[in-house]
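Sharing a structure here in structure tokens format.
Per-chain residue numbering starts at 1, and chain names A, B, C and D are given in the order in which the chains are listed.
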Amino acid sequence: MSGTPKQDFGLFSNVLPSTRLRWKGRVEFVIEYLIRFAGLSTILIVGLIFYFLLREGTAAFLDIPLRQLFGNRWYPIEDFFGIWPLIVGSILVTIGAVIIALPLGLTTAIYLGEFAPQWQREILKPLIEVLAGIPSIVLGFLGWVALAPIIQQMGAPTGLTIFTGSLILAYMSLPTIISISEDALYAVPKGFRDGALAIGATQWQTTWRVILPAARSGLVIAVMLGIGRAIGETMAVMMVTGNAANIPVLGPDMIFQPVRTMTATIAAEMGEVAQGSLHYSVLFWIGIVLFVITFGINSLAGRLMGTQAGRRRKGQL
Amino acid sequence: MSITPAKIAIQDVYFTYGDGAEALRDISLDIYEKEIFVLFGPSRSGKTTLLRLLNRLSDLFEDATVRGTILFDGQDIFDYRVNVAGLRRRISMVFAVPTPLPGSIRDNLTYGLRMAGIRNERVLRERVERSLQQAALWNEVKDRLDKSAFALSGGQQQRLCLARSLALEPDVIVLDNPTSGLDPLSTESVEESLQDLKQRYTIIIVPHSVQQGSRIADRAAFLLDGELIEVGKATQIFVEPQDQRTEDYITGRFG
Amino acid sequence: MMDEQSSTGDQSLMDDQTPMAEQINDNKIEVQDFDFYYGDFQALKSLNISVRRNQITALIGPSGCGKSTFLRAMNRMNDTIRNTRAEGIVLLDSKNIYDEDVDVTELRQRVGMVFQRPNPFPQSVYDNVAFGPRVLGLAREGNGLEEIVQESLENAGLWHEIRHRLRDPAFGLSPGQQQRLCIARTIAVRPEVILMDEPCSALDPVATLHIEDLMRQLAEQYTIVIVTHNMQQAARASHWTGFFWLGKLVEFNQTAEIFRAPHEKLTESYITGRRG
Amino acid sequence: MKRQQANKLAVGIISAVAALVVIPIMLVIVFIIVRGISAISWEFLTAAPRQGMTEGGIMPAILGTVILTFGTFIACIPLAIGAAIYLAEYAGDNRLTHWVRLAIVNLAGIPSIVYGLFGLGAFVLFLGLGTSIIAGSLTLGIMTLPVVISTAEEAILAVPQRFRTVSLSLGATRWQTIRHQVLPQALPGIITGVILGLSRAAGETAPILFTVAAFYLPQLPHSMLDQTMALPYHLYVISTQVPGMPLSIQYGTALVLLLIVLSLTLVATIVRTSMRRRREW
């Protein structure tokens, strides 16, 4: 019997002469090492971003009492660094954007995924990509020169309001919401669709009762990432929300009041502060708050995605 | 009793996927040189897994665990010193669906050789012609070797894949349901090629159906739920199987 | 007198037609010169076939021969695939289902379908079976729905196994149970025809036998068409068998006849395992 | 039949809402083109701004954006492609991979203004590069990473598994398989992702505010350590910071920016569709 292994592994050895083989093996080793490094560097970068925010922003944290830091008066010239009005501003504009974008985005995704004939899909999808491609500054510019006057004519005291910002933001987050929801709908196994149709359900019944529930988690992710996108938007918001660092008075016309968001504050004021000053470091502190908020939202969305991704990861070596 | 040493000896092999599903349990069987060995059984009985173990394509399954030994010409293929690429050139595989690589017919045939570092044009040309002739494809494609491999019909593509394996001059050819995507006529031509190839190669095949298995096999093994139920000469296993389950399957009680 | 004479005349006329009329009535589905295309590829070539009422018709043949395509043509599930085209006539109770005025959802209610892989919805067992009655408005909660669910599960031979698990997710069932659940889901809308596309190919021997028994019981009430790659299954469980080869119907006959003495060489070589 | 009508109604409403999304997009583009086209002239495109930017052209800003886009390309590509290959081909299903994915999702979600802060802290100050093209390119490059990684990974994953299996079964090593089968087939998708990422970068304002952009610099940069003007920032400046700015110049600048960005998107789409059509599998 030939059970005992022979020493001669020439049997499976490469056809290449051994020196060339060794050299080739080493090149491959280096390449694979670099690829791994590239992959892991993404973690490093997130860490570095947080580190540099902290580095410049800790002074604010150390020198200003926390209560004042989260106070409701933002008036840097007199050393009032309460960022609460800015947080409220960001939240209000974002909520407005979500209220507008959610129904529009999900419905459009449903239309694209389930109802649109092929030729419409071929027109609509690139158009939505175009929307994703329009720079935020261009939309902000349009909001500033075209949309704001219209809103003012509608009776608002100024055209630069929460509503203006929300409207622009909504359209900016639409591509995110639409494309991710559409993916989620697409990922619903064909068998569910077939099963429902084969019983005699109409297309709408199939969509509403089978496909949407099955795609639920993906749709939630879409909405979350849409929110993340909206809360971090800077230029457009800065141009159209009026930049008033006050907390709007609750009431029916609240949406027609101006606010100032966290992002806009950084963008508008960083250019005018001395490096190393307290104001400077507070602006970084706002950056930290933004980072933490978006990090939270995205990590949550990422976790939801992770549970979904298992299925998709079959295309691997 | 046969005293011929086995070409491939599978000894007490267990295979468990990363998710804990046990695909193979205690498989032991010998495959001899220059025979057509048929592995059959219902879907998910472990046939494909076993095939992929032979040339260690099973390495692709993440976190899967293998226990047991597979000896190829007496050498353990799971030894850490084994050159896996080299092993795969010796035990070459043809898949269920015709899988030409993007590129010309010639590119397909020489791919494995080029990856092995063979650049000599003359050698490559010779291998292309010889392997195409062995797969009974030479006459059909000799004038369009530089055309896309995808322009061939399904049956031709599958014979091209066979030729691509033959170009490596392997010892063993492993075929995983090679006629599943083919129409009946192409199926016949592939089956005919196999009979010729038996003269030179050891052939291990998962057939498309029990009927196909019985048409081509010298010896055969029946797998069910990852276990080896029965192995033996085709004349015996397809005609008067020893095990009731084999008989049930062959006579179509299930599957 | 005149009346009597004329009536007897009519009678005799009727007598002449009766066998014909009966035979027409006997056919639940009649397919005439049916072609089907995926893009440029013709998958079905001028099919003519009659499906008998309350009998089981099996369609066999090698894979890719068009039997599944044909099955999906009978409830127009192929409509959901882009770039396909059907030509010819499929009569369901003498009405062409490809006519303009046909309501496809109603057609699919009448002609139910069970798929190759069990495809329960990601919902509870109960909701799966209740899905059809709900969407079709056949019954409501507290007004017949529970009865329909129970009856359907009973008819699918599943009631006793899972009556205590109606609220559990359907994915928790074994594959064989899932497939019977899909059958229950199909019969809950009281179809007239049930199409089965290799319903046992993903199942183990025991579950396979279960489904075959079930088919025989269901045939008392329903007309069943089953696609199978397992010839023995066709031989065991069907009354009629059609043999497909490269998009054509080569032979169609009583199952016993096909397996005992096929008329065509091709059929014979296929069922004896020399081809395919 | 009632449910048929419900179906029709639902489809009607859904189509109407979809139109509500699409029509404003077209309006925006048409509006900018109509208002901006009159400002576009040879001089506008090739001259530097004069008279406090109220006259002349926007050439330095256009050129600045082109340079920055190119710099972004250099800064982003090696790392992005490497990471994409890692995720698609090497990463196991383990904790580490999980973290990498989480990092990428988060990179994609970090607000652009925070990238600007990071660039200021890390490149401008810590590395001492000052407000410079190189600092701006690095900032934009890192911001662009997640887009390119995700699209490139998707392109790589879209290469059918069977080609990898076949290649390995023919005795190719893992890297040979990636190099000779996977990457060539994924290339169109990767290129598309790269161009899309660059088009985003070209239109961004917030990350360059403190890292490179010059308010008014009517000359061309001399080295990678110089500041430069850039179109998006220029549009911001002339529309909000300069009183008495002629509207036509504002619209003209917006139009030029939009055209640059959208033409990149268009190129990406064309690459994708044409390569997809040529693909054999």
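As a convention for this text, contacts are C-beta pairs under 8 Å (C-beta built on N, C-alpha and C of every residue); 3 or more make two chains touch, one makes a residue touch a chain.
Note that the coordinates shown come from a computational prediction; the quantities given were computed from them, not determined experimentally.
Visitor: Indicate the lowest number of steps between chain C and chain D, counting one step per move to a touching chain.
Guide: Each step joins two touching chains, and the minimum needed here is 1.
Visitor: Two chains share more C-beta contact pairs than any other pair here; which two are they?
Guide: After tallying contacts for each pair, the winner is A-D.
Visitor: Between chain A and chain D, what's the gap in Å when you average each chain's C-alpha atoms?
Guide: Here chain A and chain D have centroids separated by 15 Å.
Visitor: Would you kindly tell me how far, in whole Å, the mean C-alpha position of chain B lies from that of chain A?
Guide: 48
Visitor: Going by the touch rule set out above, which residues of chain C reach two or more other chains?
Guide: Expected reply: 105-106, 135-136.
Visitor: Which chain B residues reach two or more other chains?
Guide: Answer for chain B, listing residues that touch two or more other chains: 60, 62, 85-86, 89, 116.
Visitor: Multi-chain contacts only, two chains or more: what residues does chain A have there?
Guide: In chain A, 202, 205, 316-317 touch at least two other chains.
Visitor: Applying the document's contact rule, which stretches of chain A touch chain D when the two form their complex?
Guide: Listed in rising order, the residues are 28, 31-32, 34-43, 45-46, 48-49, 52-53, 55-56, 103-105, 107-108, 110-112, 115-116, 124, 126-131, 133-142, 144-146, 171, 174, 178, 202-205, 208, 225, 228-229, 231-235, 239, 263, 266-267, 270-271, 275, 283-284, 287, 290-291, 294-295, 297-299, 301-303, 305-306, 309-310, 312-317.
Visitor: Give every residue of chain C touching chain A within the complex, in rising order.
Guide: Those residues of chain C that touch chain A are 75, 77, 80, 82, 105-110, 112-113, 115, 117, 119-123, 131-132, 134-136, 182, 185-186, 189.
Visitor: Per the contact definition, I'd like the list of chain C residues that touch chain B in the complex.
Guide: Listed in rising order, the residues are 62-64, 200-205, 208-209, 229-233, 235-236, 245-246, 272-276.
Visitor: Which residues of chain D touch chain B in the complex?
Guide: Per the stated touch rule, the residues are 92-93, 162-163, 165-173, 176, 180-181, 184-185, 279-281.
Visitor: Would you tell me which residues of chain D are touching chain A in their complex?
Guide: 3-4, 6-7, 10-11, 13-15, 17-18, 20-22, 24-26, 28-29, 31-32, 78-83, 85-91, 93, 96, 98-118, 120-122, 125-126, 142, 145, 149, 156-161, 164, 168, 173-178, 196, 199-200, 202-206, 209-210, 232-233, 235-236, 239-240, 247, 250, 254, 257-258, 261-262, 264-265, 269
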